[in-house]
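What follows is a pair of complexes built around chain A, which joins chain B in one and chain C in the other.
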Partner chain A sequence: MSRFSQGATIALTIARKDALSELRGRQASGSTLFFAALVLLLFGFALGPDTRRLTDAAPGLLWLAIVFGGLLTVARLHQLEADDGALEQLALYPVDRRAIYLGKALAGTIAMLVLGAILLPVVAILYAIPIGAAWLPLVITVALGAIGFAAVGTAYAGLTVRMRAREVMLPLLMLPIVAPLLLSAVKATAAALGGDPFGEMGAWLQLLAAFDIVMLVAGAATYGFVLED
Partner chain B sequence: MKTRILGIVGLLAVIGASVFGLFVVPADLNQGDAQRIMYPHVASAWLGELSFGLTALAGIGYLWRRDLRLDAVAHAAAEVGVLFTAFAIWGGMMWGRPVWGVFWQWEDPRLATTALLLALGIGYLLLRRLTDDPARRATRAAVVGVIAALDIPIIHFSVIWWRGLHQGATFGDPAKILHPSAPGLFVIALMGMLSAFTIVWCYLMIRRYQLARLDWQMEEHGRLGRISAARRAASVPSPAAEEPAR
Partner chain C sequence: MPQTTIYVAPRLAGMQDTIPPAVAAEDLARLFGRSAALAGISLEIEMGRTVALLGPNGAGKTTLLRILATAIRPSFGTLAIDGLDALRYDDAVRSRVVYLPHVTGLYDDLTAEENLRFAATMYGWSAPEVGDIVRAALDEVGLLPVATDRVRTFSAGMRKRVALARLLTARPSMVLLDEPHAALDGDGMALVDRLLGRWHEVGITVIVASHQADRVVGLADATLRLDGGLVAEVTGSGIRADSSWAAPAAAPAAFGSDR
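Presenting the complex of A and B:
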């Protein structure tokens, strides 16, 4: 009981610290958001100017932009600390490593939610998608996707942050892992935008939720090994 | 010596199974000669999956016991797994071109899963290559191996839910094994190829593991350092040696 609440306090403290440092170092997060929006603009150049084609591809393009922006986002969550030598201190704290992991994953989820909240309207404007009618399933999909991406990203960013060639190793290791997340999130988004004619959205959201749970458990179980590395 | 005999047996078995599959078994009525690709294709796909499973198990074992020998097993299995999986995909593409009309069939769930499996395996090997310290390398590799292994079932489910046109699994259904719908020769050809490939798989695993042991010996005894120092001393006259002792 008290052990659980202690763990929750640690997780919240770490999430708050990461969110604060993210807010105060606004330039970096701002450029990530701008980068992701720019990716959406470039998809328009690559596939346009036929709006119909862009509308059809919109769910996939949205999630690719979230994945690309997300890679930069989760990398930063460990990079700042590793550069300052603060990660070693974090590892030395006599607290449960799983709480540290959950705190970092929570901060990553919040950052991914901000990314999704900004990219959704950009997609709606650029690719002429009416998102207003389906806002609730879209928010659920983005939230589940954010959790899953942050769950994997926290573990892998911690793993690669002290490696040579970390800039390329993080996407290289993460992209195949998040492939099912991408697939089910795109399917759920497309179903939500199309009014879910086949009643398949629930199944994809369940798969997304299962991915989140498996990866959160796996990340929490292995993060201790990642930190002591 | 024993390992070499195993290798020779494996080579002969592969040759024997190939001759059987190419010349003894009749061509499939629908797919023609292309169907013969299935014997090595299915065998290598199974062994590839088995290898990655072994990598994950040995990784968990390493995190638990901290024994570098388990890490060597994980490494060997990953390398052999990448080899067999790549071979399976290549064979599948050679088969898909005449039968499906395309090298890459996006609607086939097993192809998509196998491609991601190969990507995960290559990532695992690259991660190992970029870490020098043996204990650190083993820990990182084990974590990546475990997370990837947990991801595989999710990948499998997600791509299965795409509309699939891959033939149903031939051996998933026990009734089909007991009463094979295919004539007996087809089953014998597949089983023969599977046995032959399994012998080769064992041979490669043993060799790779031996190589890992040699690597440690070299690191432990600092032999590399001493050899290069001796070479330098032999080829380039050291200035310190020429100086008269004070």
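Presenting the complex of A and C:
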């Protein structure tokens, strides 16, 4: 087996294990979804019944809900490892640390995609926004955003999972790094929902894709240090 | 009684004619903050030996095992495992050393079989091999009837058995065990004793830390007693250890009689 296919097997095995654990621990993932949907509902109450204002704010609110839900998701994916010393055991397997990182980032991406796929229709219903015509660019935006968020989140959740104040440290360290992702994703979502009158969506999606690549490469290169006690 | 195959790591290339020690450590020390869990020990263990690691709580047994397993790095000193510089080639060392810690490191929401399939894949077995290896390992530890039950539902002893089965899915040249008898019933303890014997038979080096001195000393070639992070006593064959670097006055050199 070549090194690449061996690495791919390891990454897929880790992603499958995390996905299985997430599916079986439905209580935790269900409450994350509920929390993110509740954030959207509360923003709706805070902004009032003005449809125009809600439509303008919808892209930003959608991504804030994804970010809040995503923080809980990536933290939980590492908490699974920290329970009962599984993270140390994972670090002791004779496998490439980059494959471990990519496996966990893949699991995080899948969880984020599920979150985005549920929150998009919630936004459409709560804020009365027609998303049918813009579904393809919205799906691409959510996918690129999910990859980037999981890429950063996997590295930082690994870094903070052994800390006592990890619930505080994870957002504190991570949110400044994902600011460019949040900005690009909100702009791309707004352009998609508005019919992209200025032809700017492509540029924002390119920025998102570049962010994803840089963060995946950086995360894979540094995750070995993150795993060391 | 099941007799699963014990897989052994192949001899390293370039070391076919010479047999390096399984462990060659010089002046190992590990600090946690200001306290030294391991205060400076030099250690040499011949390949294929079973060593009982003894000592009171806080003696440094777990710290030594975690350094040998490459779970943590020493603050000072050098370490070679099977002739490999463990601080430089820790990836290569991990493919030769397996470690059973205090905690089991299992995934609660996966079944026993899924936990072991995961481990076997991580140890490099191909998909067609994984199924047979996992079932044989589960059979060996007596958990085949509950293979598809989630680990969350298991008792502490059953979890320890799954962790022991995980060791059987690897191809090690060295097995490190931290309190392997803890949480086990009589049958479970006999299982550990049987595995210790089988690892010894096939030439795998075993270092077993235990408070059950009576139990492990009879199964070991040598004993190494630590106290306060230093070597307190060495007996038996195939081992040399001392703490002369750290505290020459407090811990005079102690050598086991070499065979």
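What to note about this one:
Quick note on the criterion: the second predicted complex is superposed on the first by the 228 of 229 C-alpha atoms of A that agree within 3 Å, B and C clash if a C-alpha of one lies under 4 Å from a C-alpha of the other, contacts with A are read in each partner's own complex, and residues count from 1 in each chain.
One rule holds in what follows: a contact is a pair of C-beta atoms (placed from the backbone, for glycine too) under 8 Å apart; a residue touches a chain by one contact, two chains touch by 3 or more.
From a predicted model like this one, the values you see are computed outputs, not experimental measurements.
Look at A:80: by the touch rule set out above, it reaches chain C but stays clear of chain B. In the superposition on chain A, A:226 makes contact with chain B only, while chain C stays out of contact range. Judged by the touch definition given at the top, the superposed model places A:91 against chain C, while chain B stays out of reach.
Of the two partner chains, chain C is the only one touched by A:25; chain B is not. Residue contacts after overlaying the shared chain place A:211 against chain B, while chain C stays out of touching range. Using the contact criterion defined above for the overlaid structures, shared-chain residue A:9 touches chain C, although it does not reach chain B. By the touch criterion defined above, A:167 reaches neither chain B nor chain C.
When the two complexes are superposed on chain A, the residues of chain A that touch both chain B and chain C are 228-229. Contacts from chain B toward chain A in the complex involve residues 63, 116, 119-120, 123, 126-127, 130-131, 136, 139-140, 142-144, 146-148, 150-151, 154-155, 157-159, 161-162.
If you check the complex, the residues on chain C that touch chain A are 69-73, 91-92, 94-95, 98-99, 101-110, 114, 118-119, 121-124, 126, 150. The part of chain A that touches chain C in the complex is made up of residues 1, 6, 9-10, 13, 17, 20-21, 24-25, 80, 83-86, 88-96, 228-229.
For chain A in complex with chain B, the residues that touch the partner chain are 152, 155-156, 159, 163-165, 169, 172-173, 175-177, 179-180, 183-184, 187, 203-204, 207, 210-211, 214-215, 218-219, 222, 225-226, 228-229.
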